[in-house]
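Next up: the structures, one after another.
Same chain, two partners: chain A is paired with chain B first, then with chain C.
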Partner chain A sequence: MKIVKKATAGTLESGDVYVELSPSDSGNEIELQSAVLLQFGDAIRESAQDVLRQFEVENAKLKLIDQGALDCVIRARIETAVLRGKEA
Partner chain B sequence: MSKVVKTLREAIELAGLKDGMTVSFHHHLRNGDFVLNMVMEQIAALGIKDLTVNASSLFDAHTPLLEHIKNHVVTKILTDYMSAGLGHEISRGVMEKPVEFRTHGGRPADIALGRTPIDVAFIAAPTADSEGNCTGKLGKSACGSLGYAFADAKYAKKTVIITDNLLDGTLSEPSISGEDVDYVVAVDAIGDPNGIVSGTTKITRDPVGLIMAQTAVKVIEASGLLRDGFSFQTGAGGASLAAAMYLKNVMLAKGVCGSFGLGGITGYMVDMLREGCFRSLLDVQCFDLKAVESIRDDPRHREISGARYASPWEKDAAVNDLDVVILGATEVDTDFNVNVHTDSNGFIMGGSGGHSDTAAGAKIAMIIAPIMRARLPIVTDRVGCISTPGSTIDVLVTQKGVAVNPARTDLRERLKAAGIPVRSIEELKQIAEKITGVPKKPPKGDRVVGEVYYRDGTLLDSIYNVPV
Partner chain C sequence: MRRSMLFLPGSTPNKIINGDAMGADAIILDLEDAVSPEEKDAARILVRNAIRDLGFPGVEVIVRINALDTPYWQEDLDEIVPLKPDLIMPPKTASAKDVRALDVYLTKLERASGMAVGGVGLLPLIETALGVENAFEIASASQRVKALFLGGEDLSADLQCRRTKEGNEIDYARKRIVCAARAAGVEVYDTPFTDVNDDEGAVRDAEYARSLGFTGKASISPRHVDPINRAFSPSTAEISHAYEVVDAITAAKAQGRGVVALHGKMIDAPVVARAERVIAAAEALGLGREAR
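Up next is the complex of A and B:
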């Protein structure tokens, strides 16, 4: 899936994650800020890459501001951002 | 000879404060306190260095201390509680010597025993007379009880009272007697009334918190302790207050008349007193305006000292007569050890206060906590810091069930018989981890920045710096 416009999903509430997805021309790049970075940073990056792979997103900049969201929430927010930012 | 001196600076000089000495402060003005900062500013201006600060608690209002630490005016801190603003910097390693944490019972005990002698005590007093008799019950900065300052006034070599309501005549019912006071200083304001009664003194509306509170009260009912003469303490956290509200309803419905409510006192405990749930309140610190009014007007609402509240060496310490205490936790481990000192990343953000004192004394020490906060499970293999030993904790109440300390088989059987969902603490850990995943342990530094002393004076645990 090609990301053609900037898209966002989620909120900055505790237990949620705010996702910003924008087009790029140099592969995927993930920027992560998290309240639980030390405990779950690797797991969050892995899930993010997994969702991008699943939707065949290859050129996108993904910014995550995580407030301790559960894995299912993180995946759902990224999926929503992908569907909002893809070609019509 | 009058004890009244014109300026704080003069009082500090008259008290003979010199390099390397110890000064002390109490925390009844909480985050609204001006006194610690104004005293330390004068001390710094006088060029005095290498001081130890012994404060019953430190709040974010006291962050100017960081500047005095940097300039070596303050080189050692003793306290029972340190909020996150200061705690983060201590955890980053801004001080050479570790902060010594004590409990609200251990602090006055160590002061009385001479283990932590005080050279000059600076006592913020909402009302005082020229002899140094003072009280927290009157004045524009009224804070109610002055319980934690009693030991300071009694045992410090010199005691300075700082007040913003200096009476012309004599104070008729002082909390701290002028016989322990050397100097009295009048200032414009000792604190900000909004900060004095600030804090988490509102009942939670979070359904998870309410479920936990209801379960907590079922546990108390099932324990067999809820009978005439029942005694109780609860914290000022949202779920703890909700538990007090539900407990009040049960006590009134059953016609149970308790003996005393203890602790930091909130308006909810005052309501329980007024409606006949308790014969008295024993108050070491007031958390809100309603408590301040009550301790002033109602003789059943009594001010007690920190030692009378919780000292391990006091024969009639109130904690020893407690039936039930409800406490919070940032983490609990599978041995029931509780952490209230550090956050999930290892930064200092609290302290015992009376946590481990009441846990040791009460027949049932109950922790209320959700099984997870955001993505972090509350139950771990080993807490980041042992604030209260698991051997003194009897039961953990969560929204997914109740875990009873294996040493309390009697209690477990009672709760089961009452139909309360009892699980092992390992089970609660697994339930949370199934939802959150298993968290990695954040790395610890290699330098001790805090030492946690148990109420009997033994070293319970050490807090390490957070590598950043």
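Up next is the complex of A and C:
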């Protein structure tokens, strides 16, 4: 799935994650900010990669500002951003 | 046992994730009024993931989808139905035709997902004057309909009157819907009491709803869940009396007596039926004879 426009999803509220997805021409790049980076950073990145793989996104820049979101929330927000940013 | 139902906005993770810890018998994950049009897509994905991953053990999961006159309801069902929620709540249900349209679409989804056809139940939200007048035909339109639910806020707007704490403006609708649901053999649930800071008002409203015959009541605040649970649970006195009734009937049958009296009052079939309902509710709540 090709990302053709910048898309956002989620919020900066506690328990949520703010996601910003934009097109790129050099593979996938993930930028993560989280208060629990040390404990859960790797797991969050892996979930993000997993959702991008699931939707066959190969060239996108993904910025995540995590506010302590559960995995199901992180995956939902990234999926929403992918579907908002894809080709019509 | 479904006494209390707690509405949770489908777009707010920190309210959804603790849904099963608020004491409610059921949670209603809301994709409709609590979600702005530009967040409908995000909410249905979030609710789908939450049901799939969290499961909400110990509570029933109900999803309020968007109304049939919106472009969202089919996509809502596409995402949610494969996860087998306990009930789907369609808002602004106004006629049997609405229920049949849902039945057709649900049947299609169930077949596509390899699910048993007819397994997904409906809890139609009655919140228009037309819906109130058609309550019986709505309740009878499909085997999928498990209960009716009264929505007081939208109904008051449709009736062109002010919604009040006293609820006089929805009194006819409450009684009409209880009668329609009971006539159709389904359960019936009352509208939330929306002043979240008025605990006494919430208790009065719940007790009144129970006195009319409602099975339970919804809340928009976790704060009102306990008062609702209490109002819709049988009291100790009710449970004791119910066992006395059943014991008296059992003893009379054993002695070959046809007419039975308890404390000077004749026990007839409706009294026994009520006693049996109270005992069933008490036992479901762990308040039966064995627990005392």
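The definition used in the following text is that the second predicted complex is superposed on the first by the 88 of 88 C-alpha atoms of A that agree within 3 Å, B and C clash if a C-alpha of one lies under 4 Å from a C-alpha of the other, contacts with A are read in each partner's own complex, and residues count from 1 in each chain.
FYI, a contact is a pair of C-beta atoms (placed from the backbone, for glycine too) under 8 Å apart; a residue touches a chain by one contact, two chains touch by 3 or more.
Since we're looking at a predicted model, the values are computed, not measured.
Trainee: Following the overlay on chain A, give me a clash-or-fit verdict for chain B and chain C.
Mentor: After superposition on chain A, which the two structures share, chain B sits beside chain C with no clash.
Trainee: Here's one for you: vertex at chain A, rays to chain B and chain C, all C-alpha centres; what's the angle to the nearest 10 degrees?
Mentor: 70
Trainee: With the two complexes superposed on chain A, say which partner A:Ser14 touches: chain B (first), chain C (second), both, or neither.
Mentor: both
Trainee: Just checking: does A:Arg77 make contact with chain B only, chain C only, both, or neither of them? Give me first, second, both or neither.
Mentor: Touch status of A:Arg77: second partner only.
Trainee: Per the overlay, which chain contacts more chain A residues, chain B or chain C?
Mentor: Chain A has more residues touched by C than by the other partner.
Trainee: Which partner does A:Ala88 contact after superposing on A: first (chain B), second (chain C), both, neither?
Mentor: Neither: A:Ala88 stays clear of chain B and chain C.
Trainee: With both complexes overlaid on chain A, does A:Gln39 touch chain B (first), chain C (second), both or neither?
Mentor: So A:Gln39 only meets chain B here.
Trainee: Determine, under the contact definition given at the top, whether A:Ala69 touches first (chain B), second (chain C), both, or neither.
Mentor: A:Ala69: touches chain B and chain C.
Trainee: Superposed on chain A, how close does chain B come to chain C by Cα atoms? Whole Å, please.
Mentor: Value for chain B versus chain C, nearest C-alpha atoms: 5 Å.
Trainee: Both chain B and chain C touch chain A; at which residues?
Mentor: Shared contact residues on chain A: 14-15, 69-71.
Trainee: Quick one: which bits of chain B touch chain A in the complex? Just the residue numbers, please.
Mentor: Residue positions touching the partner: 344-345, 373-376, 435-437, 439-443.
Trainee: Contact residues on chain C for chain A in the complex?
Mentor: 12-14, 17, 41-42, 45-46, 48-50, 52-54
Trainee: What does chain A use to touch chain C in their complex?
Mentor: 9-10, 13-16, 69-73, 75-77, 79-80, 83-84
Trainee: Sort out for me which residues of chain A touch chain B in the complex.
Mentor: It is residues 14-15, 35-36, 38-40, 42-43, 67-71 of chain A that touch chain B.
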